[in-house]
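Take this structure first; my questions come after.
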Amino acid sequence: MFKCWSTNNHSYQTLEDAPMPMLEFDAARPLDMVLLGRVAIDLNPEDYYQSLSQSGTYKKYLGGSPANIAVGLSRLQKKCGFFARVSADQFGDFALREFKREGVDTSRIYRCAHGEKLGLTFTEILSPNESSILMYRDNIADLSLEPGDIDEAYIQSAKALLVSGTALAQSPSREAALKAVQLAQKTGTPIVFDIDYRPYNWKSTDEIAVYCHLVAEKSAVVLGSREEYDLTEALVRPGMTNAESAAYWQDKGAGVVVIKHGKKGSTAYAKYGTSYTVKPFPVKSLKSFGGGDGYASAFLYGLLEGWPLADCLELGSASASLLVAAHGCAPFMPTLQEIQAYIRGCKQEYGDMVAHGDAE
Amino acid sequence: MFKCWSTNNHSYQTLEDAPMPMLEFDAARPLDMVLLGRVAIDLNPEDYYQSLSQSGTYKKYLGGSPANIAVGLSRLQKKCGFFARVSADQFGDFALREFKREGVDTSRIYRCAHGEKLGLTFTEILSPNESSILMYRDNIADLSLEPGDIDEAYIQSAKALLVSGTALAQSPSREAALKAVQLAQKTGTPIVFDIDYRPYNWKSTDEIAVYCHLVAEKSAVVLGSREEYDLTEALVRPGMTNAESAAYWQDKGAGVVVIKHGKKGSTAYAKYGTSYTVKPFPVKSLKSFGGGDGYASAFLYGLLEGWPLADCLELGSASASLLVAAHGCAPFMPTLQEIQAYIRGCKQEYGDMVAHGDAE
Amino acid sequence: MFKCWSTNNHSYQTLEDAPMPMLEFDAARPLDMVLLGRVAIDLNPEDYYQSLSQSGTYKKYLGGSPANIAVGLSRLQKKCGFFARVSADQFGDFALREFKREGVDTSRIYRCAHGEKLGLTFTEILSPNESSILMYRDNIADLSLEPGDIDEAYIQSAKALLVSGTALAQSPSREAALKAVQLAQKTGTPIVFDIDYRPYNWKSTDEIAVYCHLVAEKSAVVLGSREEYDLTEALVRPGMTNAESAAYWQDKGAGVVVIKHGKKGSTAYAKYGTSYTVKPFPVKSLKSFGGGDGYASAFLYGLLEGWPLADCLELGSASASLLVAAHGCAPFMPTLQEIQAYIRGCKQEYGDMVAHGDAE
Amino acid sequence: MFKCWSTNNHSYQTLEDAPMPMLEFDAARPLDMVLLGRVAIDLNPEDYYQSLSQSGTYKKYLGGSPANIAVGLSRLQKKCGFFARVSADQFGDFALREFKREGVDTSRIYRCAHGEKLGLTFTEILSPNESSILMYRDNIADLSLEPGDIDEAYIQSAKALLVSGTALAQSPSREAALKAVQLAQKTGTPIVFDIDYRPYNWKSTDEIAVYCHLVAEKSAVVLGSREEYDLTEALVRPGMTNAESAAYWQDKGAGVVVIKHGKKGSTAYAKYGTSYTVKPFPVKSLKSFGGGDGYASAFLYGLLEGWPLADCLELGSASASLLVAAHGCAPFMPTLQEIQAYIRGCKQEYGDMVAHGDAE
């Protein structure tokens, strides 16, 4: 039987014992999730393990964290919609075609009107553990999302709204995201906030703290790394521990607070003080990025299914491992069968101790 | 005895019966109010009652709604501070000198670093009832206020923080204002939100609704006209009546909601359903603008003094009348003695019915 | 008899002996001059001889160097046209009305389309000899002049085209001015280049040198101070004397090169090495600015009339003296009768030595 | 024997009879050519002959027309320098390394200081004859070249200065190019102007006409297509024939005027009315772009060598054919031996009629 560590009562417990997350989704709504944020292009070198200046050949993939999560959720049979702007060129065609092929509803993805371009992420894979990125993010399509693109009916048709923090980095996307948050509150739509901090486009740390706090305090689920929580909490209470952060946001109304530890796994905090920590599944990684979006899509799948929190964590962690072993992100998102088969294999080889406690 | 109309129980009641506003100020804090927003220059024609293109001579006054309110409060013996940026030129010198002469603390008024200029408002006074303005608001000093200019200690030293909605119209002033709001919440400082909508610098009505709502929902006192409330409520619940608006914001936590009716007076809503309406004091007006800032400063004076709401309204309305009879704004702000003498005079002439009910 | 100094043959000579300027104007063209550049508003304090921060009352005048020159030429009975953009507000109304009243053709003065404002110049008059200015030049009307505003037929209808160097400071006005220069060359219209350097809007000294040189090298008449010539010549030959500058530009094709020495007068260089220097006329000045535009308009009047160069200088210098004694600029431009009466008066009092040699 | 058509005397003539171009280069100068303009990245699909939205793999090449020409000249053993800005990232590293490997002097190639990125050109190769491009040109490295980057000594060390018209499209690169032109005139350095019109960054056709004319009128060699000459001549004399264009620019001082006819070859006009037309060499082309830069580098090689104009044309045309048969541009630039071997092969197969007359 699979076990995981509860940091609350300092003991392992079987997943069957794990409490249900404190979230309720309206089953009558046709869409499982509407995501808001960037759609971009990844250009990953075929001849990797050398500097980006040396690499000569690049593979083009659909990219952008919320776009990847939408594809991940779709492959897990969840019906997603998306608020976005994509370029009025062949790359915009590509993004729309990919979304359609994956079954994502594209009725709220609009074309840019002023020559904005899809962001490009050239990834430098120096080794399985070292990577960097070279971004083209000027006059960028995703941040041209306008408040007028956001409609209440579409939000109300979804069980949840996911907002990527990167969408808050600049106007008019910032106001579009804040409008979506206001309409989600109005329509009783739980908000999932993926802090998703990228050091582009933001002008100051105060700005990050102001806007991320404004959204996090209205969210039902918050996802982020320790660094991302520190940025979000910088004005109101800097220096909190993970448990303090979780309590702070749950005080504001969050049902689930997830803190990701990168290669060390992640911890999820439910209300009433329960928390679970999971370590990454063992895998031979090709690169050090891409896991987060696999994690988020599988974790949110579990939440939407009403799974116990520990099961959500397990699924997320396994998906993350599958992703870091792949050359790209969106096109390599696994199905539920693939993740579960992988989990079974790992358990046979490594036993039940795949997930265990983590004293922060 | 002075009477005013309660729209709640549909009867006149004497001011002595009026309930106390539901606001508490920390008497131990040295500053009565810190204001955040624009400091500007008014240029009012001496040869008025003709088109601005015809007027040839202009008087220079300190201007900008929150600057005027700060001067008004100072003349009423309240100690004010101010978060602002002023130009690094002779007009910035002028603004600082005026503030100092009035006793406003200028320790948080900084000079602009990139050539920004103080806004100019050329007023066109066509008749006592018709006016318009010609504004210079490009590369403007007030909207260059930065989040880094805002410090928690200063906010915590004040009994209340007044935020002018115009400060939300553009970055980086927008983030500075939102940071101040976040720090006011953290330090338990009641927020006074003067919606103060000006059709400059804003990019869309969605933008106005998003940001004004974000501040209003955290405020203890909200001041605005019907049009301003409509703009603020556009996304969440358009078309509310005054009473519905008051209830909506009080639900969010506001203690006092004031709705100004221009030449027809104003209504203040306290918690628990009590409201008072006052008509303007009779006056021979020179121009149709400037009354609002006199109103706000005197009304807030009353609140800070813990006066009954109806008395606050009366003082505000009298100050407004004195201002529309004057050639400018800031330098013509009355003292308490002047307002009270004016009220006494009006009562002798017009009786106790100066203020009366208004069925919206 | 009036005498002036020829720096060429180092002797005084009577004005009658002075050679004709090497310029030919097409008498058949209906307009005497089309000017291109800024139209602005001057706001001069009535309570001057103190800091601008102290002054409380301002007079509004039409301003902007080429606008002043156009008014000056009109009062001297020359028919002027103008390429400009003015604001779509009451100040734009004012500027157009002033031009019409003075008889300047306004058919090529267009309204700004994107909220640009007329520039404002608040003048600080500290003493008869000390002054400074506070300028509002953001999102400025004059620099919004577009290439599409410039038409060949209008240029071809004028005896000369005056380009103010300030129009070169920023796009799209820069391209509009360069287009006008190209069309002036095409249509055989002599170009008068008033370097008119203002340290606003320009980004670097290289930029100034590049553009001013491009226009000066195509001009028939160049007007500027030593500092302005230094800026214009910085890339090609820095450090020239006045005589060397004159020779350099005449080599490129200029017929007349005028170097203004501020309070010390000015020197005009004709082709073939002849030059004349004039000192300012004696006057009790009110302020230290405004003389240049009086000078330029009267000097150009003389050139258009085909007067000897020394007579042009004399008229320009007298007009300059009248202007520094006045409170403003455009509305105080003198008629020919007024200048000539003033010259006669000066001569009676001070004799023929009003103008004399100046060894640079 | 090789023959080409002279449009002047309407007869074929042998290359031996062809007159020398009217150009003189200072043999004592160490650099053969300094080029000014864009350095960029080409991303050409490996899986071409389909839409760019379908292509999944891209090869990265050094790109940008003047960069390609510099590489071409280097492979022809000419010593080149370059004025440019490249990004402060791995792509900037790549560009510098490529230049160094090819022997181009990089002492005047500076890194961008404000996050500007190298331009990206994704090429869509639909068929051998159909192509389009998707460009990333926002906040672009090449147009951030500053006037301060241009020094007189470097220009004076070169036999010629090549200016790419694209450098004129925007400030501050525009002023840098104009400064280089002014310093080239000062130092007696012949200017080669490659009009190189790209419909990006330019704001209006007037703007193109103004700036391209300003440079072309000072150039010794002008290269462009009929469309590019039309744009350049739009203000001064629209609708000229090729021969009229050549005469117009030679009147202004040009020694050689080249008009490129795309797939139909090109015509070169020397002074004194002589002209030569060449058709493209037969080749199985892979794509329809890239030929122009091969053409320019080989043609300029001939000019620098003092070859007869017809020989220059022949070499240029052969190089162009080799380039359109290659997958990329810069890395496929041929050596002299390769071009000459290709020419010999073509002549053996097709005889002397490779080049022939073209009645425009």
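As written, the chains take the letters A, B, C and D, and residue 1 is the first residue of each chain.
Everything that follows uses one rule, which is that contacts are C-beta pairs under 8 Å (C-beta built on N, C-alpha and C of every residue); 3 or more make two chains touch, one makes a residue touch a chain.
These figures come from a predicted structure and were not determined experimentally.
Common contacts of chain C and chain D?
Of all the chains present, none is in contact with both chain C and chain D.
Compared with chain C, which chain's mean CA position is the farthest off?
The chain lying farthest from chain C is A.
For chain B and chain C, what's the span in angstrom between their mean Cα positions?
48
Using mean CA coordinates as chain centres, what's the gap between chain B and chain D in Å?
Inter-chain centre distance comes to 64 Å.
Taking each residue of chain B in turn, which ones touch at least two of the other chains?
none
Looking at the whole structure, which two-chain pairs count as touching?
A-B, A-D, B-C, C-D
Quick check on the complex: what are the chain B residues that touch chain C?
Checking each residue of chain B against chain C gives 43, 46, 51-60, 89-91, 93-94, 97, 117, 120, 122, 124, 134, 136, 138-139.
Where on chain B does chain A make contact in their complex?
Against chain A, the touching part of chain B is residues 146-148, 171-172, 175, 178-179, 182-183, 185-186, 203-204, 206-207, 209-211, 213-214, 235-237.
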